[in-house]
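There are structures below to look over.
Both complexes below contain chain A, partnered by chain B and then by chain C.
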Partner chain A sequence: MSNPIALIGRAGTYLLLSLAAFVSIFPFFWMVVGASNTSADIIRGKGTPGGALWDNIVKFVNSFDMVRVLFNSFLLAGLGTVLTLLVASMAGYGFEMFRSRFREKVFGGLLLMLSIPFAALMIPLFMLMAQLKIINTYQAVLLPSIASIFIIFYFRQATKAFPSELRDAAKIDGLKEWQIFLYVYMPVMRSTYAAATIIVFMANWNSYLWPLIVLQTNEMKTLTLAVATLAAGYTPDFGVIMVGAIAATLPTLIIFFLLQRRFVEGMLGAVK
Partner chain B sequence: MIRITSRWRNTLAVALTGVSLFSVAAASAAEITVWCWDPNFNGATMEEAFSRYKAIHPDDTIKVEIFEKAAMEQKLQAQLASGATDGLPDIVLIEDYRAQKYLQSFPSSFEPLTSHVDYSTFAPYKVELATLNGQTYSIPFDSGVTGYFYRSDLLAEAGITPDQLNDITWDQLIEIGKTVKEKTGLPLLPIDPTSSDWIRIMLQSAGSWYFDADGNVTIKDNPVFKAAVETYQRLMTAGITTPVSGWTEYTGSFTSGKTPSTFSGVWMTATIKANADQSGKWGVAPSPRLDGVEGAGNASNLGGSSWYVLSSAPEKEKAIDFLTSIWAKDVDFYQKILVNQGALGTYLPAREGEAFKASDEFFGGEPVWQNFSTWLAAIPAVNYGIFTEEADTATVAQIPAITSGGNVDEIIAAIDAQVRQQIQ
Partner chain C sequence: MAQSALARSERINGWLFVMPALVLLGIFMVYPILWSLWMSFQVGRGMNFSFGGTANIMRLTQDPVFLRALSNTMLFLAMQVPIMLVLALFFANALNDSKLWGRGFFRTAIFLPCVTSLVAYSVIFKSIFAIDGIANQTLLVLHLIENPINWLSDPFWARVVVITAITWRWTGYNMIFYLAAMQNIDRSIYEAARIDGVPAWARFWFITVPLLKPVILFTSVISTIGTLQLFDEVNLLTQGGPSDATLTLSLYIYNLSFRFMPSFGYAATVSYVIVILVGILSLIQFIVAKDRRA
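So, the complex of A and B:
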């Protein structure tokens, strides 16, 4: 117990962990403290809470049509998550359950596509949306993100643990394939769905570049885009920006804490 | 089990109805759309201009869309490159340094305004930077005319009077810096070693740039460039500067009194005046000039932007009519935006207005705006070309070498080589 070498090792571990914790928590701390300070105080590097929180919140709420912006963000993130999970889980299920000669080649092709950076796709994608006449619509934001290759991959990996006996039993009971998917697969895989929800919701909620390009008017802006415009200008109000940053972070935090237990399960493997 | 899934199905149904209900089509009303990047500055001046236009044309409306500047550029560039003009605005604000890049990369995307505007009423350097093949495309907006902003109270402690700062050279400023350091212990200037702003200012003050009028690289064998790098090196090695990183630390250093002065574009005035408790303690002098360089003057520029009309604009005629009847005519409008937004326009007749002549108590009762506009008319015109950013990057890469006292000729050769390699 009182082995000095082990003790030093322990102290080292804690020191390292404390350092890592500090590095991860400090930006968050700075954001919260900044939200309660005036812009001038933030520039001077004041690291203690101030009294301007309410002022900053009022200014933030009045800087754009908050109801509309929040509605846009929640609609796009929520609907985007539901559709992505649906499409990706069906694809993952299909890839694992059905054998075909080309299965691995198609899947490999998909994975290869992961390496194409979005910047290279942006302009052709925009031209496509322009031809479809859906620029500045919710569809234009949602469509390119629904078939997320990463989430398909994630579901396929998770499906490997799905017992095929369950599917066989369901078949014997007379269920059709879509019924098996809906009534057997989905409930069994709920941890996987929960983990994927966090990942997809966060990605959609924080999505910036594509909505920026394809959405044109103030009425269509999401919270991420609106908060970015707060930083526009030669004399930005940093206190208000910090309030915006908190507002933009909060929903993903809430989703994460709500689904945290399932997230860990989902990461460890859905089926025990 | 069934209960859960039917709930899922309901959610999905509701969501799908939602997306079809709330798909918003672009508004069809006849209104002028503007893209710019500062709600309190260029956005606010645009609103003010339009309120004047609306008095004569009550049916028209304006829609000012604010973006973060880099985001707006990315958006504009992606859309111009795609060739799809849906949703582009009628009027867009473009930073002067990038004007040629847009005009040359996307020919026929912007509307020439030469036949609509008398450009002799605008500052010559602003007109030049938006001219391509004899056609001028912009309505010039704000100037980045440079000035030397100083805390008169702190410099007085070192025995420096405002007279000593008028029409001086950089080397005289370095000497002043040494005196200030000795008497007060304060470094005279904050310098951001990741920015080439000051080199650019020095270049333009002598009518030179990284490129000549035809876009050829003029870095090696350019006496002005050499003088600028040497002056920068003397500044950095004289022990009168303090390094800062990023905008916040930079502006923080002189608004908090850690450094008693800075050297910047006129738009810095707003940042300085935001510190109301320092009223009466500030002064502005013309920016210093390069020593021993032909054509070197005390006027230069940093930043600034102009309005452009897109050729594809749905309300093109209306947009041009609006811009020419307010921005190129209304002297009173320029007084208003100077007072309210601190925007120093480049429409020369505006100088004769009330607001320009007024003295400013914050700057010890000096008529700072008139001073700035006098310097503004003297800014030499240069060709920013289309590769200013690349040249900046190459220059910034050598700043550590300059600061550590490296051989100037070798440094310049390295910058020259990198720029040439990048723009091939």
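So, the complex of A and C:
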């Protein structure tokens, strides 16, 4: 411990970690302070709280039909999460509980499809939605995201820990397969569901590219799209944008601080 | 007889549970990717297609904007992924020390950026790197620069800002994977090495890194795939400018399809370049990792 080189190394580590922590937190601070400043002050680098907070909030709320925008965001993220969890957990359960050689091949195919980039799907998907005449609808946003291979894989991995004796016992009690899934599997696996909920909700809430393509009118916009629209003008009003950025970040930030451990578990598990 | 009835019910149930997912993936993934392949051989504007053979591939090789987007994307990849993964590895190693003071705080702080939405952090970075913004103010006060840098209008600095932004957002995410893997390494290996007088850097380099190889491979593959598809940040920070200096392949595909007069066939060809790149790079990374293990 008294070794001077080790001491310097330790000091250097603390210095770098402190710097990293500062750089990581600073934009959050900047966002909060910025929400209280005028746009001119923000791009002039004013780092102290100002008096324009209320003004910015009013302007932000009036820039779009905010009730509708929030409704869109919560509906798409919420419904998308419920559907994804249902479809993906059923598939994970199906692949793990009922093994067959053919289904294993199908599962291998899914894993290969994991590396298909979304950029390669967006044009045909857009044209498909146009043919189905559902451009600018909630379905168009939701349908391509429901069957997430990542989440299917996550549930299959988690299902390996599901005690099969429970299923056998339930069968002896005369439960049908869907009843076992609903009344035995789902309650037992609730922590898996919780972790997946966080990951899927966050991904849906923050989704930008696909909603940008298929949602075209202002009354269909999500919060993410609304903030992006405000930022896209030639003279963006940064004070108003900061209010929007706070609104867009707050739900995931709250989830993170309330369920930190599960959050990290989900993140590690969803892609492991 | 009873046995076969059971086997049949198992088979039917197995399919019933996976069917919703497979149907959706078939319609919204397999069908589009095949359609895209077909489209990449079609020429024409809007919804009018005619078979063009290899015309689109020829066009690729002579399209300066595409070549720009390709080289930009590769540049982001080559610069950003290694910087981020080295930083993540360093932070994870520092935070893995149970005697470190303030461990929980540092971990949470460095992880925090990956809670933000891509849109929110992009606009925040845009304001930080405004010409009179806080980044320039700070650098001027510290006398690191003499004149303010025109961050987002200078081709070089615009790239630096994009790389900085992505690194800010994703370093903590990768760090979490390394931390989790490090916690699975048997402590006694380090104890033995310490008793043998192996210095800290060597313990890191010769014990930690080799044991983490699968995770490092995994994170580099997902980071590669992510960076190859870079869209949100560049679209919001620079819109690909100045003069296409930060244009990425995904942004170019978007422009070709939705910003200009749509040229879906050609855009599909560009998108297949990403598919092929993802495939090749993933393969290379797997081969490299396998080689080192042997």
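Assume the second predicted complex is superposed on the first by the 234 of 272 C-alpha atoms of A that agree within 3 Å, B and C clash if a C-alpha of one lies under 4 Å from a C-alpha of the other, contacts with A are read in each partner's own complex, and residues count from 1 in each chain.
Throughout what follows, contacts are C-beta pairs under 8 Å (C-beta built on N, C-alpha and C of every residue); 3 or more make two chains touch, one makes a residue touch a chain.
Keep in mind the model is a prediction, meaning the values are calculated, not measured.
Visitor: Answer with clash or fit: chain B and chain C placed together on chain A by superposition.
Guide: In the superposition, chain B runs into chain C.
Visitor: Let me test your reading of the model: by the given contact rule, A:S24 touches which partner, first (chain B), second (chain C), both or neither?
Guide: A:S24 sits against chain C, while chain B stays out of touch.
Visitor: Check the residue A:L175 against both partner chains and state whether it touches chain B (first), chain C (second), both, or neither.
Guide: neither
Visitor: For A:I57 in the superposed arrangement: first (chain B), second (chain C), both or neither?
Guide: neither
Visitor: Kindly classify A:G45 by the partners it touches after superposition: chain B alone (first), chain C alone (second), both, or neither?
Guide: A:G45 sits against chain B and chain C alike.
Visitor: State whether chain B or chain C is in contact with more residues of chain A in the superposed arrangement.
Guide: Of the two chains, more chain A residues are contacted by C.
Visitor: Tell me which partner A:F95 touches in the superposition: chain B (first), chain C (second), both or neither.
Guide: After superposition on chain A, A:F95 lies in contact with chain C alone.
Visitor: Quick check for you: in the superposed arrangement, does A:M66 touch first (chain B), second (chain C), both or neither?
Guide: neither
Visitor: Contacts for A:F126 in the overlay, against chain B (first) and chain C (second): which applies, first, second, both or neither?
Guide: both
Visitor: Looking at A:E219, would you say it contacts chain B, chain C, both, or neither? Reply first, second, both or neither.
Guide: Touch partner of A:E219: chain B, not chain C.
Visitor: Based on the superposed arrangement, let me know which partner A:L166 touches: chain B (first), chain C (second), both, or neither?
Guide: Once the two structures are laid over each other on A, A:L166 reaches no partner at all.
Visitor: Between 238-246, 310-318 or 346-354, work out which stretch of chain B sticks into chain C after superposition.
Guide: With the two structures superposed, the offending stretch of chain B is 238-246.
Visitor: Determine where on chain A the residues touched by chain B overlap those touched by chain C, and list them.
Guide: Residues common to the chain A contacts of chain C and of chain B are 42-45, 122-124, 126-127, 209, 213, 228, 231-232, 238, listed in rising order.
Visitor: Taking the complex as given, what residues does chain B use to touch chain A?
Guide: Chain B reaches chain A through residues 1-2, 4-5, 8, 11-12, 15, 18-19, 22-27, 37-41, 63, 65-69, 71, 74-75, 78-79, 81-84, 86-87, 248, 251-252, 255-256, 267, 270-271, 274-275.
Visitor: Okay, in this complex, where on chain C does chain A touch?
Guide: Residues in contact with chain A: 9-11, 13-18, 20-22, 24-25, 27-33, 35-36, 39, 47, 87, 90-91, 94-95, 100-102, 105-106, 108-113, 115-128, 130-138, 168, 171-173, 176-177, 180, 200, 218, 222, 225, 228-229, 231-232, 236, 249-250, 253-254, 257-258, 264, 267-268, 271-272, 274-275, 278-279, 282.
Visitor: Quick one: in the complex, what on chain A touches chain C?
Guide: 6, 9, 13-14, 16-17, 20-21, 23-25, 27-28, 30-31, 34, 42-45, 47, 87-88, 90-91, 93-95, 97-100, 103, 106, 110, 113, 115-128, 143-144, 146-147, 149, 152, 177, 181, 202, 205-206, 208-209, 213, 224, 227-228, 230-232, 236, 238, 241-242, 244-245, 248-249, 252-253, 256, 260, 264, 267-268, 271
Visitor: Please name which positions on chain A make contact with chain B in the complex.
Guide: Chain A residues touching chain B: 40, 42-45, 63, 75, 78-79, 82-83, 86, 122-124, 126-127, 130-131, 133-139, 142, 182-183, 186-187, 209, 212-213, 216-220, 228-229, 231-235, 238.
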